[in-house]
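Both of the next two complexes hold chain A, though its partner changes from chain B to chain C.
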Partner chain A sequence: MPPVATLAGASTVLLLFIAGAVLAPWIAVHHPHELASLDLSQSLRPPVGFAGSDWRYPLGTDEQGRDILSGLLYGIRSSLIVALAAVGLALVGGTAAGLVAAGRGGFIDAVLMRLGDIQLAFPAILVAMLIDGVARAVLPGVAQDGRLATLVIIIAIALANWVAYARVVRTAACVELRKDYVAAARLAGARRARIMFAHILPNVIGATLVLASINFATAIMTEATLSFLGVGLPPNSPSLGTMVAIGYDFLFSGEWWLVVLPSLALVALCVSLNLLADRLRDGLDPRLR
Partner chain B sequence: MPDALMEIAGLSVGFPSPGGELLAVQDVSLSLRPGEVLGMVGESGAGKSLAGAALAGLLPAPARVLAGTLSIGGERIDMHDGDRMSRLRGTTVSMIFQDPLAALDPLMRVGDQLLETIRRVRRLAPAPARTLAIELLASTGLPEPETQMRRYPHQLSGGMRQRVVIALAMAPGPRILVADEPTTALDVRTQARILALLRGIADEQGVAILVISHDLGVVAAIADRSAVLYAGRIVETGSTATLVHAPKHPYTRGLIDSLASVHARKALLAPIPGSPPHAGALPGGCAFHPRCGDRIERCMFERPPLLRAHGREIACWVAAGDPSDPKR
Partner chain C sequence: MKCAGARPLAALLLLAALSFLPWAGAGEAQARTLRVADQGDAMSMDPHSLNDGLQLSLTGNIYEGLTARGPTLELVPGLARSWRSTGPTTWRFELRDEVRFHDGAPFSADDVVFSLARAAAPGSDMRAYVGLVSRVRAVDTLTVEIETSQPAPILPEMLSMVYMMNRRWCETHGAEQPADKRKGMENAASYRANGTGPYRLGAREPGVRTEFERNPDYWGTIEGNVERVEFTPIGNDATRVAALISGEIDLMQPVPVRDIPRLEAAPRLRVRQGPELRTIFLGMDIESETLRFSNLDDRNPFRDRRVRLAMYQAIDIDAIIERIMRGAAKPAALLVGPGVRGYDETLDRRHPYDPEAARRLLAEAGYPEGFEVRMDCPNDRYVNDAETCQAIAAMFARIGVRVRLDAQTRSVYFPKILARDTSLFMLGWTPATYDAHNVLYNLMATPDGSGQGQFNLGGYSNPRLDELTRAIASETQDDRRQELIAQALRLHHEEIGHLPLHQQNLAWGMRGNVRMVLRADNFNDFKWISID
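The block that comes next holds the complex of A and B.
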């Protein structure tokens, strides 16, 4: 288990990030993608403490005069929304698939699980890119419409991650289904759906919550990677991945803050999430106590 | 003899296997009268649990009934008939499980589990269902039933849990109770109390109970009649007193000789040599003959049927002293 100080640090970072993301519309100097608020004369200012900095832009600005701090706040906001929705969707879908597989067994079980096996043979990021790509081909509006793109990327990440939940739930449900209390419920005339929802689901959900907490950081990284590659959120939507991609062009011309600051934000976010997820697992898994 | 409440005739249970059907229970016939406790004894793998599960309609997945008819209250039911069996299940026939912790949903208050059953089977409104649940718990001797209703299974002791499981089994008002190793997971003092409770249910409410146990002591303490199972068949059946005090079948004698006793400290417990046969490789003739000290030639080639002798039924050529046996 990580030491208390580490956990306190992780919680603080995470709370600050969440607060910043929630309050972004009120504390950011401007929305980084509102063209009217951009001032090209303020472009490429370094963070405070370096020559040519300006206190209005404490973390500097990019080549179009967008405030980096505002970009980070809105970017974290996008990351958290996408990750929360994608993990939630994968959790619900995967849990349902796992329960159905364990409860029905036989052919349906085999089809669902082999489908999962096939999907796991490909890296999650590749699966997400594939789904994202198909959606772009089918829905031409995705490249411009930020909301639609967000929805597509949420679904893509969820579809890339459901297998783990389905497997964990199926295994745990198979164990539970063999226990006598299930036989007792059948004896009392309970239907299969009732047994699965009232008895099995509460007994297997704990494991998926731990998985979801670990999966959360992965989902953030997947979104950032997709956006970095230019197939995630559109360029006019705030995203840490897009910021890193923009900064990447300036890596060799000295404007280091464009790439370092969003990367640091991503790392800090994911490390704190993982530390807290570990703590949650330690707390919930009796074998590790 | 009062009329039998339930009669099973020719029950066979098998598992499908690549080499053909594995017979785990073969041609078992049992009868139960109201208020009677029948004990079923045998080693692990003798088929006693499967026979009980078949009666309750709760056979585990690959196992299935191959043959057998069940007569309950004058009605004859083919035990193949899953629909008819599942209608009996949980109403006329109920079951008590071995491990009371596994038999209760760990994340549901015991009261809610009891209410779930009562409301489904008896279709009562919430208030009368609650009254009945408390009555049921009180009738099992559980102290402060109202308080216990709000507890989770892990907050109760083993004996208390088994009382809840018994209340749960009694909730539908069954006429037959199948108790599979009801006291195996409990300590000796609690065992005695639970057995007394089951005996009381049989005596006072006229419920017929089939007690399945590997422990002859448990069966001797509670059962009116007993049946000893070996390799899926009944080898000896009769009144418990007869079987325990004057066992005739060499296997029953072996079971009793291998019991440890506090009172008579035997120099050596006498275990039965060898181990029970696998259902896929039953020896020819009497299934017990390779382990039997009394065997005669006939045992190796001809399987003895259940014969009436010495005030019981017994499947043994030697002990039954069959008059048609030319060698005797």
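The block that comes next holds the complex of A and C.
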């Protein structure tokens, strides 16, 4: 288990990020993609402490005059929303699939698990890109509309990640199904669905929550990677990945804050999430209890 | 205990490792290969399929026209040794003797007849350059007579970019028609080439690599010492800069303006800059009854001069040049830049930047709440094109015109706007004849399907300007011609047919041992490049 000090640090960082993301509309100088609020004369200001900086833009501005801090706040907001929804969807979908597979057995079980096996052969990023690409071809609005693109990304990341939940739940459910209380419930006349969702589910959920907490950080990185590659959120939607992609061009010319700060934010977010997930696992994993 | 088999094994491994070491100095012993990169690629090797600077520049090393350009863009003989006007509407071109295509076929007047007809065919993007040609006749194997529909004193200049192809080769390979880029068509000429030029086409992988090899049987002199050229498109700015710094490439353009100081400071690298003849501007759909790609379904705001003036006055071009172009551009009020014949410095005064006035004008025109419109922009064709569009989108938003910016790669962007599938778009233009008539004819005259207004993608139309353009084409007296050009430019400026932005600077990055000729039209002739 990680030392207490590290955990405290991680929790603080995470809470700060969450607070920033929630309060973004009030504390940010402007929404970085609200075109009418951009001022070209403020472009390329460095963070405070360097020559030419301005306290109104504490972390500097980019080439179009967008405030970096505002971009980070809205970007973290995006990341958290996407990750929460994607992980939630994967959790619910995967758990349901796992329970159905375990409960039904036979052909349905085989089909679901084989589907999962096939999908596991592909890296998650690739699966997400494929789903995103197909969506763009079918719904051309995705390339432009931030809300639609967010929905597509959430579905893509969820579809890329459901398998782990399904397998864990199925295995745990199979074990539980052999236990006495299930036999008792069956004798008492409970229908299969009731047994699965009212009796077995509470006993297998612990493992899935551990998975979800680790998956959360992965989902954030997946969204950032997709946006960096240009196949995630559209360029007019705030995203840490897009900020890194734009800032990357400025690596050689001295405006380091455009790429370093969003990257640091991503790293800090994911590391603190992973540390807390570790702690959660230690608490919830039945095998370690 | 030492293993008996270890020593021979070790020797084998050492040998294998040594064979992978890069041998210093081996590069100089090989043929002089130039590795050059650009931010995009030619879309095809067909010289008539797209009127794009990069494509014409690359294919211009393989193919040639009747006339050509020297290092300072002066008109020089190309495949035609000489030419003269034999009547008010006829020209006679005497062709060079003993010129062969790369496949060995002799070049003759019949190829000229074929090529000019091909350039005028429906799928060609070079129709404007042969738009005044009404008839081409082979007088004998080395003499061609060209008749024009009206007096055309600058016909030789117009023909410098219409490259000559071999009739038999095209017929054998099913490439008699140019591949129509708008329709996404391709044929053998897209991937293979048979020209008369100083370099032959080697391998061609679109978007990946194109190779050129020196033509040992070239009719002219190749002043440079480059034997092979490897051209690679590297779209990402940082990657292209890194490739030059690391020595992976020898020459590239454009150097992103933000990286120029760094490259200039690097010990073994050099940056050469110069003004380009290309003017960058925005075009608006002035033709349609209702503005497609907007939130209005019953009117077109761009048809109202007040709206166009409002858009014009919303643009703070000085801020864009200072911040986005980092000073490497010059504001433009005309679509004709300094260096183009017909440019008039006294006319090059922009309408003033005044967002307050712009808002008032919009309200006057009946758009107090502004409107929404989609703006189309390339992201890998001109210097900082997408960034400029971004900044302009923000400026438009401040006066109420809410722009949805769609920045795309050129292979998707140009077919789209050439099909006039746009309401507001960015375009850059270098007149191939270095003469204002080319700009008037292509960009400002009413589109008539024959070549006139072929790149007037917004459909700006003024019959008086069309009249002036026709008169300019046949006017032989210089000062009278200049006066007509000034009238036409003034008219377009007053009516705000387009929103001119700036002339960009060229910036080529190269290793210290590369010497090249920097042409103001950004064409790159491999035959003038030397590697020391």
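Everything that follows uses one rule, which is that the second predicted complex is superposed on the first by the 286 of 289 C-alpha atoms of A that agree within 3 Å, B and C clash if a C-alpha of one lies under 4 Å from a C-alpha of the other, contacts with A are read in each partner's own complex, and residues count from 1 in each chain.
Here, a contact is a pair of C-beta atoms (placed from the backbone, for glycine too) under 8 Å apart; a residue touches a chain by one contact, two chains touch by 3 or more.
In this text the structure is predicted, and so the values were computed from the model without any measurement.
Engineer: Based on the superposition on chain A, does the combination of chain B and chain C result in a clash or a fit?
Structural biologist: After superposition on chain A, chain B vs chain C: fit, no clash.
Engineer: Between chain B and chain C, whom does A:A158 touch in the aligned arrangement: first, second, both, or neither?
Structural biologist: neither
Engineer: One more residue to check, A:L72. First (chain B), second (chain C), both or neither?
Structural biologist: After superposition on chain A, A:L72 lies in contact with neither partner.
Engineer: Name the contact category of A:P202: first (chain B only), second (chain C only), both, or neither.
Structural biologist: In the superposition, A:P202 touches chain B alone.
Engineer: Who touches more of chain A, chain B or chain C?
Structural biologist: C
Engineer: Return first, second, both or neither, reflecting whether A:D249 touches chain B, chain C, both chains, or no partner chain.
Structural biologist: second
Engineer: Just checking: does A:Q144 make contact with chain B only, chain C only, both, or neither of them? Give me first, second, both or neither.
Structural biologist: In the superposed model, A:Q144 contacts chain C only, not chain B.
Engineer: Can A:G189 be said to touch chain B (first), chain C (second), both, or neither?
Structural biologist: Only chain B; A:G189 stays clear of chain C.
Engineer: Which angle, as a multiple of 10 degrees, do chain B and chain C span at the CA centre of chain A?
Structural biologist: Taking the centre of chain A as apex, the angle works out to 140 degrees.
Engineer: Let me test your reading of the model: by the given contact rule, A:L35 touches which partner, first (chain B), second (chain C), both or neither?
Structural biologist: So A:L35 only meets chain C here.
Engineer: Look at the superposition and give the distance in whole angstrom between the closest pair of CA atoms, one from chain B and one from chain C.
Structural biologist: In this superposition, no C-alpha atom of chain B lies closer than 53 Å to one of chain C.
Engineer: If we count contacts the way the header does, which residues on chain A are in touch with chain B in the complex?
Structural biologist: Those residues of chain A that touch chain B are 179-181, 183-190, 198-199, 202-203.
Engineer: Please give the residue numbers of chain C that touch chain A in the complex, ascending.
Structural biologist: Those residues of chain C that touch chain A are 236-238, 241-242, 245, 256, 258-259, 261-262, 316, 319-320, 323-324, 387, 390-391, 393-398, 402-407.
Engineer: Note which residues of chain B are touching chain A in the complex, please.
Structural biologist: 56, 58, 89-91, 94-95, 97-99, 102-108, 113, 116-117, 120-121, 165, 168-169, 171-172
Engineer: With touch defined as at the start, can you tell me which chain A residues reach chain C in the complex?
Structural biologist: Going through chain A, the ones touching chain C are 34-36, 38, 40-41, 43-44, 63-65, 143-144, 235-236, 248-255.
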